[in-house]
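This is the structure I want to talk about, given as structure tokens.
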Amino acid sequence: MLIFLMAVGLTVIFGLMDILNLAHGAFYMVGAYFGYVVFQTTDSFWISLAIGPLLAMSLGFLLQYFVLQPLIDRGRTAHLDMALLTFGLLFFTIGLFDLIFFETLGLTFMSIDKPAGLGSYIDIGILYPTYRLFVIALGLVVALAVWLLLDRTVIGAVVRAGVDDREMVRAMGVNIYVVFACVFALGCWLAGLAGVVAGAGLSIDINMGVQILIPTLVVVVLGGLGSVKGCFFGALIVGMTETLSQAYVPALALFATYILLAAMLIFRPQGFFGRAPKTV
Amino acid sequence: MSQLSVKNISKSFGALSVIDKFDLELNMGERHAVIGPNGAGKTTLFNMISGWIAPDTGTIEIEGLDITNKTPQAVTQAGLARSFQKNTLFDLLTVAESLRLAVQASSKVRFNFLQPARRFGGLQQRAHEIARQMELEPVFHQEVSTLSYGQKRQLEVGMALACSPKILLLDEPAAGTSHAERARLVRLLTTLPKDVTLLLVEHNMDVVFGVCSQITVLNYGRIVASGTPEQVRRDPEVRAAYLGESASPEGEVADA
Amino acid sequence: MEHSQEDSGQGKNGSNVSNHDPMQPRAAREHKTFLYIASAGLLFLIAIPFFVGEYYVSLASEILIFAILTSGMNLLLGYTGLVSLGHAAFMGVGAYATAVGSSLLGYPVWFVMLASIFVSLLIAYGIGLLSVRTKAVQFLLITLAFGQMFHAIAEKTRYTGGDDGMTNIPRIDLSFLGLDVDHDRVFYFFVLICFVIALVILRLVVDSPFGRVLVGIRENEKRMLALGYSTFPYKALAFGISGMLAGLAGSLWVQHSFFVNPHIMTWQMSGEALLMVIIGGSKAFFGPLLGAAFYVLAKDFLSDITEAYLMFFGLLFVLVVAFFNGGIAGFISRVFNKFKSPSGKDGQ
């Protein structure tokens, strides 16, 4: 479900703005680490869940507005440059957090405590951790909200129109750059949210951003780059593939997802729900 | 047998029919223009003939060889080269390098991967010839990105010509050019080798009447009229649909 | 030049550019410059072991090995415009093939080396055939997927030590020349010879009609198709050659460090190689070498100070992508050109 949250953020950015944001893992880390800091000061999971993702969001806004967008306006092969640039950013973030939290502060094991009501198990036929149920519910609600926002509101329409024809939207009196930056920030907020949630479910370490990035990419590709609905099914498929292969051929567990990804890219690069590739 | 034969092709995107039962026969050396208002389906037609889009129905043949569902590269290998409405050039290469790549495409050495490209003087000579034909000699060794817009349009045509095609498809060669640039382009097009068949999509009447002897008028994906410039100009339906919009086509022809 | 096309007077015989020389002046000039730089660089590389200590000789070997990897990668990145995030896998294939062949099966190292180069070529070509059908971002993702697959295989295979990898891998035997390769200076020269061979091959490829096609694909693949090129086999072969060089680098790497483990195949490794190429300059032939040198030396320097050296490289990488697209090599040639002719354009 975490991966689902991540994937929605990534796909929103890619689908609407054509930027493959490999720094998505970095924003996830920002969410987790900042969430941890907030948790340390306030001692409340809920506050850190509310505030934690905001830093990721603001950084996302600034990055898009002041760095990426000017480059897109200038660049010829912006598409790949964006992937490379955000990739470098991911490396940077990993190094930075390593420096601050591990080398300077000496923190090795960090985690956010789950709130009182969500730390136990619930009996739904089998014993199931309540926190996981919470994460699933949260994921669904957020994804639904994002989908409604982008698919059913004027804001969504403006963004989509802006991708196709910038001048037209500008003529309508909308500052499309701010809109783009907001969408980017939204995606980063989702990553940050996933980060805080992960900080309470799992532990926080410097490899977390890289570890989650690959399954996220798989989900996004399976669903079709740019499709929120696709993300949902993509996440389901990846989850099932992992569980099944773990159960029946454990040696192939790692492998199965990658095969899935490669096969998808070869045979149906637009994913299950993606737009057909443009001709000419 | 005609050199290019397009029979009954149609294409629709969803409910929108872009090209409807289009026919066209070109003889060797013919200069033919397809004109029509914006959105008439001209570019789609070109994309189908040159292999970028598969038509829904119908067949396309070059000298009896069926190329209907071939890839763009196969169509070019079969002897039909095209230019693009929007400059589609190698910005960081020189004119010489660009043209040589184009010439190399139809030569045997293109897959040679251990000998320096410099050694193949034949390619270089042919590239130079094309540059001379397209009046790009003064900028032969300049980077494409430094050319003027008009020169880029000349190169756009030159690249297609360098494929040594039997049939040359030019997609609005004069798009966006100034008056002087256009006059030069018309002159260049009229001096193309006589055995190359020319099919041209164009908005500008100077170019059409200056270069072509046959015209097909397209509107909403259907052929409205076709014939010599004189016949087309007199056609009442054409006047209503298309020529009526521009002030006086006769006046512009005098320039060319 | 802007206004010259306005007057149509300069016709068929008014040209002054090309009467004298069938070869392109630019290409000829570039080729000459290339030879100068190459010979100067080679002399420098030969001289290194005579002037620095054992430790730096070993670092220099490391640089050359990475330079083989990154120069090969640049055939894809700089020349063809394809970004692969799975190239460490081919380095891993070369490394494991060498380790298994020499350490487990006991074949002589020279034979194993040739075999591993061949194996990496085959595997890379095969994967190239599957991968190059996709475009830009999809290509990046599919190479990532394949890279991770190889990593997973290496991690799961007991035969090759799983996650721990293998140790005590022998170096090539040069005793018939009276040389002891366990001596780092001797091994350096062996690496240097491999490096030179690799770069000569690469230069031939880049310089050939085939190489020109790759550049055409980078510049505008749509136009290449329209010119009648089936771009697909070119890209697949470029991928194969690139993977072959990565395999050679891997084979040398295990001999250099005497061990191999799956870490060599992680996508972080591919990422670091990418950093080297971009920082060094993907548009220049020797850019990747400069990048590898810079990376290895800076890493050596920084890791004395902090483990978090990735931070600096990440930042540098971002800056290079955003502002100095030519990397170190681009920077040098710009400075050099300015020095030579104040009005000259930069020669990327």
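We call the chains A, B and C, going by the order they appear; numbering starts again at 1 in every chain.
The rule we apply is simple: contacts are C-beta pairs under 8 Å (C-beta built on N, C-alpha and C of every residue); 3 or more make two chains touch, one makes a residue touch a chain.
The shown structure was predicted, so the numbers you read here are calculated from the model rather than taken from an experiment.
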Which chain has its C-alpha centroid farthest away from the centroid of chain C?
B
Closest chain to the centre of mass proxy, which here is the mean CA position
C
Quick check: which two chains are joined by the most contacting C-beta pairs?
B-C
Taking each chain's centre as the mean of its CA atoms, chain A sits from chain C at a distance in Å of 32
Euclidean distance of C-alpha centroids - chain B vs chain C, Å:
40
What whole-Å value do you get for the distance between chain A and chain B if each is reduced to the mean of its CA atoms?
46
On chain C, where are the residues touching two or more other chains?
222
Chain A, residues touching no fewer than two other chains
280
For chain B, what residues touch not just one other chain but two or more?
91
Chain A - residues contacting chain C, complex
20, 67, 71, 77, 79-81, 83-85, 87-96, 98-99, 102-103, 210, 214, 217-218, 221, 225, 251, 254-255, 258-259, 261-262, 265-266, 269, 280
Quick check: in the complex, which residue numbers of chain B touch chain C?
50, 71-74, 76-77, 81-82, 84, 88-94, 96-97, 100-102, 104-106, 109-118, 120-121, 123-125, 128, 132, 135, 137-142, 146-148, 150-151, 159-160, 162-163, 180-181, 184, 187
Under the touch definition given earlier, write down the residues of chain C that touch chain A in their complex.
81, 83, 130, 133-138, 140-142, 144-146, 148-149, 152-153, 155-156, 222, 267-268, 271, 274-275, 278, 306-318, 321-322
Under the definition above, what is the set of chain C residues touching chain B in their complex?
1-2, 4-6, 8, 10-12, 14-15, 17-18, 22-28, 31, 204-205, 207-213, 215-216, 219-220, 222-231, 233-234, 237, 348
